[in-house]
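Consider the two complexes below, in which subunit A is the common component and subunit B and subunit C are the respective partners.
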Partner chain A sequence: MNRELYVNNYCIVRDHRIYVNGKLCFESPVSNGLREFAKAAYRNLAPNYNKFFKMDEISKLGFIASEYLLNYISIDEYKNDEISIILSNSHSTLVTDTNHQNTISDPESFFPSPSVFVYTLPNIMIGEISIRNGIKGENAFFIVEKFNPEIIVNHINNLFLTNKSRAFIGGWVNHTETDYEAFLYFVTDKKALPHNRQVINNLYNNL
Partner chain B sequence: MEEIIEKLKVQIIEQLNLEDMEPEDIDADEPLFGEGLGLDSIDALELIVLLEKEYGIKIQNPKDGQKIFYSVKTMAEFISANQK
Partner chain C sequence: MVHFLADNIISSLGITTSENFSSLLSGEVGIRTIYDKKYYPEPFPVSMIDEVSLEHEYNKLTLNYSYEGSTTKLEKMIILSVADALKNTKIDIRSRRTAIIVSTTKGNIDLLDPAKKGCFESDRVLLWKAGNIISRFFANPNKTIVLSNACVSGVVAINTAAMYINSGLYDNVVVTGADIVSRFVVSGFMSFLSLSQGACKPFDMNRDGLSLGEAAATVIMSNKSESNSSIVYLSGASANDANHISGPSRTGEGSAIAIKKAMIEAGITAKDIDHISAHGTATPYNDEMESIAITRNNLQDVPLNSLKGYLGHTLGAAGLVETAVLLEEMRRNIMLKTAGFEEHGVSKPLNVLRQNESKELNCCMKMASGFGGSNAALIISKQEINEPGAIR
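Our next item is the complex of A and B:
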């Protein structure tokens, strides 16, 4: 039995463009922020999943990246609990946290929005991707200062070597007031690019 | 009553991010939850906030929620009966 993991597919969302396996798959004519870009990218795929519109912006970003990533592969051969999602970023859900704070900062107008509040944790994004794809494996979201492939690679490898999962979505989904970026990759034991720190770093920095 | 119903439709679409939906797409008698608009539990909380924020109405007994939020029409009737 092969005990090595390989990167089978990857998706990068950056500068209003979406790349899958290095190939440009979508480019938005709209360049005024994540909200409009995510909507345009969603409509391009037209997945007919209205819950998308209720998500906060970073969840939309992660959702869009996962839709484009998984659009090119089938995960049906894996059981629901054999797929895990391990993600990371540097800003957690800061933009959503700020939106929530704005709804509770004025004592005269104290109306916290439940639909904003529920997204004030980055692992909710993992939940959205999991619900969409019926994924029930392990999940973790790491907050780090900057993109750090070692944490993701090590965690995924550990889950694989301890037989917790057979397939993985790993990566980085970050959103600030001025920028956004997603890098998701799909890992299995099917031979492709070796799953190690250097390869992940190269893929991330490739575009 | 019609005025409240039309205003409510616009507010619900905006508050619940019901993209691609226009006020005329919502049947005032249609159930908001389940088979109708298909709203979920977070949407229910948003509707409670909407009533308080836009109409100054607090629901005193949570058990009344099921009747109040059955449809846009029942919400409008509740607002009409309780707005100061």
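Our next item is the complex of A and C:
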């Protein structure tokens, strides 16, 4: 059995554009923030999935990236608990945290909402991607200062070598008050680009 | 092999594992109803750490360390917890071969509160920043790894540490974590109507929601044992329900998968597990879900407890707090009763502990579940060691 892992597909969302395997797949005419961009990118795929509209912005970003990534491949050959999702970012859910904080800071207008609060955890986007695709494998979300392939590569390799999982969605989904960026990639033992720190770094930086 | 060398718990019931365990053994409950508009406009039950003694202990500790920066409440809790655990091992925290993992859901989230504006730099709320403070305080040369995966963070952090050691990436991993009670978190859970009226009642017929708590806890894991009898990590897994982001699966799907995978990896069957430390938040859905996941794996007869009735739900710290207590239960061969449990209240006939009980504990399981459909489990076991200090 092949004990090496390879990057089969990758998707980058950056500057109002979506690239899959290096190829531009969607470009938004609007450039007024993540909310509008995510909606336009969603409409372009037209998946008819109403849960999308309930998500907070960063979950929409992660969801959109996963839709474009998985649009070009089939995960059906893997059992649902053989597919794992291991993600990272630097700002956790800070934009949504601030939204929740704004509903509770002033005693005169104290009105916290469960539909905002539930999104104040970074792994909720893993949950959203899992629900959409019926994925039931391992989950982990790491918070790092800046994009750092090492933690994700190590985690995925370790899960694979301990036979916990056979296919992986790894990457980075970050959202700040002024910017957003997603980089998701799909990893299996099918021969393609070797799954290591240098390759992941190159894919992330060379667009 | 991955050995558990030392641990610590900082909670409302004490600042060491043994202080906490003594309180738990005597049935002391750390949850009180407080009325403090800083946190919530109405009274609510919660397990809080005394801030005056936290400051006092932290100031005492800093005399022995060269770190001079200011620290938040959360960082003080983590630092105290790690420092106490380190006292009981020979591992070198300054070595490149020692990693630190911090497990937290919301970190320094209290700094978002307008009342705290200006106390620290505004981006101190970012979780990796708190992580950096911990490595700097202990002069650890590696970047602290921060894991934030809702209420399964602590168990996933231990599973991650075990993989680091087994793959040879590090020799030792200090797995620590904390979450604090804040207006942010209290009002969020209140908006979900998921907080209990009084101290929570896991697995009970009249359970009415969870109680929040704050805590820090640490477990130190290594590829070498430091004594003749050791508790070792056997296996662990996580799994997603793929069902709902805020409600557990009605079939216990993800939790059942995590338990099953952990049992297969450990090479054991249901009859090998002596005791289960459940997640047991005391929300109607969580405890029911766990009863189904446990029964799906034929573990319904195994004596089980939840510690949430003593210390509340400490979120990102919970998996670490409860694993540290489980380690102490195994060392003493005592299983703690489930505080708040009176009348069986889940659909499956679980063996929920009503009294503290003595039992030879060789192999035990810890479970966790959380928002985002996340679930995790880990299995630990006693091991006789012929040559302490040898890597095996």
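The working rule: the second predicted complex is superposed on the first by the 207 of 207 C-alpha atoms of A that agree within 3 Å, B and C clash if a C-alpha of one lies under 4 Å from a C-alpha of the other, contacts with A are read in each partner's own complex, and residues count from 1 in each chain.
The definition used in the following text is that contacts are C-beta pairs under 8 Å (C-beta built on N, C-alpha and C of every residue); 3 or more make two chains touch, one makes a residue touch a chain.
All values derive from a computational prediction rather than experimental measurement.
In the superposition on chain A, contact of A:Ser90 is made with subunit C only, not with subunit B. Contacts of A:Lys164 after superposition on the shared chain: subunit C is touched, whereas subunit B is not. Taking subunit A as the reference, the larger set of touched residues comes from C, when subunit B and subunit C are compared. Of the two partner chains placed by the overlay, subunit B and subunit C both lie in contact with A:Val118. Applying the stated contact rule after C-alpha superposition, one finds that A:Ile73 touches neither subunit B nor subunit C. Once the two complexes are overlaid on the shared chain, A:Phe53 sits against subunit B while remaining clear of subunit C. In the superposed model, A:Glu138 lies in contact with subunit C only, and not with subunit B. Overlap of the subunit B and subunit C interfaces on subunit A comprises residues 112-114, 118. Per the touch definition, subunit A reaches subunit C in the complex via residues 80-81, 85, 90-92, 94, 97-98, 100-101, 103-105, 107, 110, 112-114, 117-118, 120-124, 126-128, 130-131, 133-145, 151, 154-155, 157-159, 161-164. Across the complex, subunit A meets subunit B through its residues 39, 50, 53-54, 111-115, 118. Partner subunit A is touched in their complex by these residues of subunit C: 37, 41, 105-107, 109, 112-114, 125-128, 131-132, 143, 145-150, 152, 156, 160, 163-164, 166-167, 169, 183-184, 187-192, 237-246, 253-254, 257, 261, 265, 370-374. By the touch criterion given at the top, residues 16-20, 38, 42-43, 45-46, 49, 52-53 of subunit B touch subunit A in their complex.
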